Amino acid sequence: MEKITCKKCKKTINENDFYQNLKVCPKCGFHDIMNARERILSTADMGSFVEFAENITSVDFLNFYDLKSYNERLSEAKQKSGLNEAIITGEATIKGIRTSICVMDFNFMGGSMGSVVGEKIKIAVENSISKKIPLIIFTASGGARMQEGIISLMQMAKTVSCINRLKENNIPYFCVITHPTTGGVSASFATIADIIITEPGALFCFAGPRVVEQTIKKEIPQDFGLAQRNLKNGQVDIIAQRKEINEVLALLLSLFTGQIPKEENKI
Amino acid sequence: MEKITCKKCKKTINENDFYQNLKVCPKCGFHDIMNARERILSTADMGSFVEFAENITSVDFLNFYDLKSYNERLSEAKQKSGLNEAIITGEATIKGIRTSICVMDFNFMGGSMGSVVGEKIKIAVENSISKKIPLIIFTASGGARMQEGIISLMQMAKTVSCINRLKENNIPYFCVITHPTTGGVSASFATIADIIITEPGALFCFAGPRVVEQTIKKEIPQDFGLAQRNLKNGQVDIIAQRKEINEVLALLLSLFTGQIPKEENKI
Amino acid sequence: MEVDKIKNLPKSFLKDSLKSIFKIEKLKRITGFTGVHFNDAEKKLAQKIENYRHVEREALKTWRIVQLSRDEKRPHTPDYINGIFEDFIQLSGDRLGMDDKSIITGLGRLDGRTVAVIGHNKGKDIKERVEFNFGSSMPQGYRKAMRIMEIAQRFGFPVITFIDTPGAYPALEAEDSGQAGAIAKSICTMFSLTVPTITVLIGEGGSGGALALAIGNYVMMLENSTYSVISPEGCASILWRDSSVARLASRALKLTSRDLFKLGVIDKIIYEPAGGAHNNPERMIRIVRSYLKNTLKKFCSSKDFDFKKHRAQKYEAMGFVNLTDRQKV
Amino acid sequence: MEVDKIKNLPKSFLKDSLKSIFKIEKLKRITGFTGVHFNDAEKKLAQKIENYRHVEREALKTWRIVQLSRDEKRPHTPDYINGIFEDFIQLSGDRLGMDDKSIITGLGRLDGRTVAVIGHNKGKDIKERVEFNFGSSMPQGYRKAMRIMEIAQRFGFPVITFIDTPGAYPALEAEDSGQAGAIAKSICTMFSLTVPTITVLIGEGGSGGALALAIGNYVMMLENSTYSVISPEGCASILWRDSSVARLASRALKLTSRDLFKLGVIDKIIYEPAGGAHNNPERMIRIVRSYLKNTLKKFCSSKDFDFKKHRAQKYEAMGFVNLTDRQKV
């Protein structure tokens, strides 16, 4: 059996146990980052996920380059993540209840939000409005995609506008915060969800810990931006272990839609 | 010329100066309590005030007595204040702009809110809704009128419901906080005004200083519940000296109604 | 002791009058046996003391209810939530800076219908009680409640509230973050809802802190719960200037379920198992569940009923005034 | 230095390349005078360095605008308010626990019409600037702004915002009271308004802290103001891992009024008096006043225009994507 080392407690664990435990260390409970496909697999009913607009891709419209050009970074990100962008968008059932679902992937340029993320969230929102089904978004993002300059900032406006329309249509919207969710994503669609669920250990804040430390010129508390502190500060509704998230989402979907979850659809 | 002593700075001042200065000490700026008729006189255009429901009076429906019976206290209060109840309600113009106006009077049983205060606020609200004119309330109250038991608590619900209807009709509602405004009045119609103006030195809080001191078991700050602290804590919009209040109200009436104030109506 | 002052119940009246009663009883017996008669002042005094004894008996009865309503062994909001709702999920936070645990909020199912649930939480042990300020809420608690009310409004969930608080928390930080405004806004939010609201007073209904969550289309009150504009102790200390006469104040305030029903402030008294809810919590919870279920069913089947207007009319009609002179405006 | 890596602009590229430029210039002259020729790699390098010089010139130009946009002598929100609106009355407080003075809110009159005014306030002297966090707002500031937006909405007042902030305040207490949510909710509130909204970027338009108040039906930008997803310094430090190349970052980010107009993010560039707004603040304010007046007049005369829908459509159309493969859903 393959052995791996937990990134947090450094203990040796069986790779199988680790993956069967949804990438959570069975010894210390550390929630390792899940990629978008893994998340879909662990959340949606088996075979129920239909992806939308998977081939929509980013354009280097500013001819942006820093140490690398934007195009180069995009190619690298595609290779690293196996995705076309930092978000997967589609529709699925969770315990038989239909929902639109978006999952961000931190492996794609740090889950940064550019035009494609904005557009794909819009597509998901419109799907929810037209079919009157809830929306679930799993966030994981370092913030806006600087390589798209001001247009990445405008994605905050764009996504909030979409969610605002969703809300006016009384469509339920749940957000699951995964590690890390900061900057432009936390300051736009993530924080205006009807219900906010967070994984333990997920950093969820606007300004990152280092920036804050530089501003206040002293050490920040160890739990800065973490789930327990966010709960205490009234910023999230529920802290859910990864293995509970499917249950929690099914329950919320059920309460908000009045549909009864079906157990047989569980993976 | 009559001489009086300022209640705060203890300096000797001419009575005439004191009254011409709207009962504000010309030496230290102390705002003495104004009774309801004085307030109407200093706020409304000369001769413009029409009182509503002045003869509506309280009933001792609980047969309440403590050291004195409720009926005795009511008689004493009528004598002391020259009013039938702790509030005057009517309609007036301020610089020519029509408005409903209510003024509470601390001399009538500490400005406590019982059924009559609730009913007279309802009358003012309905006047504003039917005529589409703003509502101004000057508060001064120790809270609910205990002698009416639970029914005095229900006046909080009653007045808030009225203000809620006023708001749904998009009628402007301004509240002027005068010393003191606490308890049931501060926790009902006073704090849900569109604009909250406070006189300097006015105590404006929910629980009084002594109660808070007993709870937290240490001395409370000197400025507890006072205008500057309330401004800093985001609880009020504007601190206005008594002599500015007429101007401020006229300006607000003008901005909210689009009517232009007429100077000739000034007293 | 002068007759005319008796009705004013001076500070040490209780003790003095008990002594007097003893004397008068003696006098009466003397009368009966000896034919000795008393003058008018003496008779008036005797009558007043009789009245006072009645007052005192009533006060004691009321005071026992006050004590029952505060009993830590009574079932509390979490017990009702666990026993009444299926699939309850607790929601947290005001999104502004705090999760005030002295108010529990969440969604659950009753009889197959999704409802929003809000209730004061006094805490189950001393640790929790200290943490939750013994059920006295911060403004942030009411702001959390309003957030859940808004969710209920948007998704059409009826709102069920459980009231059990000594009153809003009178602390400096509570005042600084706008206690008065939070209560007022919570009341206002409840009036703005178009969904039905149902309130159950399960223990202490303390003043504005209780009212903030208690604007119900239907308000039920457990037999031994109380609902008052001020605590008897507070009232005694302000009006009598003597907190030791809290019993007298409790009677005067008319704060029991029977009083409130008579006054039209509540719609229903829910009777408790013999001796009080704490004697059979399971049964108490089952009884409350059944009333909630029936009320909910009735409300949910009356689709065209204007719950918002109903609340406004109901609460705006409350009050007793001498209307003979009321001018029409 | 290897040709292939130049485009990646390594950490010390600026210094290195300036040295190289010197060498290449020499080489060129040598070519001209001596007929000595260079190989392809050398030619490519020369060309890249030429390009780089162009980049560096552009970066300098942009950087000057960045500096101008931050100039303390530029007119700030209070100057515009004083110079533009009659009968301005400042309103304070979020009603939740704070009045954040880094955002000014109030009502005033422009051309006889009542408008709601919201703007960042950097402070006029060092004392104020420290007190107002140099125009970096706390969540409470945005909550105050939302309160005034709601008043505007209820009474039909158009909303005019002035943007001038380095960004939202990145402090612990700001995070603890929900900075991210406050910004998101402020944006959301602006989208929910049915009254017209007009935004003027007058100085620094720093990231989410600027955007929170900048959802305009009509967005105007002073010639030398900036609007950016991140400060050039922050961008340089993250992407180049070297905050000293902020100038390069400022160019790359496309944060000037001209860039933003080309990108369709703003509707209008307002040109400044020669040398910048600070050279003639009175004139600058008069110019802004005139544009605001005209825009307001236009908006107020188009009664049937759906300002809310317009904002949604405008901002939801922003973005550049490769749509060839977009599936229909």
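For the reader, a short list of remarks on this structure follows.
A, B, C and D label the chains in the order they appear, each numbered from 1.
Heads up, the rule we're going with is that contacts are C-beta pairs under 8 Å (C-beta built on N, C-alpha and C of every residue); 3 or more make two chains touch, one makes a residue touch a chain.
Please read all numbers here as calculations on a predicted model, not as lab measurements.
Think of each touching pair as a link: the shortest run of links from subunit A to subunit B has 2 of them.
Between the interfaces B-C and B-D, more contacting C-beta pairs are found at B-C. Computed centre separation for the pair subunit A/subunit D is 28 angstrom, with centres defined by C-alpha atoms. Chain centres here are Cα averages; for subunit A and subunit C they lie 45 Å apart.
Contact with two or more other chains is made by residues 95-97, 176-178, 181, 185 of subunit C. Residues of subunit B found to touch two or more other chains are 191, 233-235. An unclassified topology is adopted by the chain contact network, corresponding to no line, ring, star or complete arrangement. Listed by label, the pairs of touching chains are A-C, A-D, B-C, B-D, C-D. Interface residues of subunit B, counted against subunit D in their complex, comprise 167, 170, 172, 191, 194-195, 231-238, 248, 251-252, 254-256, 258.
Of all residues in subunit C, those touching subunit B in their complex are 7-10, 168-172, 174-181, 183-185, 187-188, 191-192, 207-208, 211-212, 215, 227-230, 235, 238-241, 248-249, 252-255, 259-260, 263, 265, 311-312, 315-316, 318-323, 325-327, 329. By the touch criterion stated above, subunit B contacts subunit C in their complex at residues 52-59, 61-62, 64-69, 114-116, 118-119, 122-123, 126-127, 144, 146, 148-158, 160-165, 168, 183-184, 186-192, 204-207, 211-212, 215-216, 220-221, 224-225, 229, 233-235.
Of all residues in subunit D, those touching subunit B in their complex are 87, 89-100, 107-109, 114, 140, 144, 151, 154-156.
For subunit C in complex with subunit D, the residues that touch the partner chain are 95-97, 139, 143, 176-178, 181, 185.
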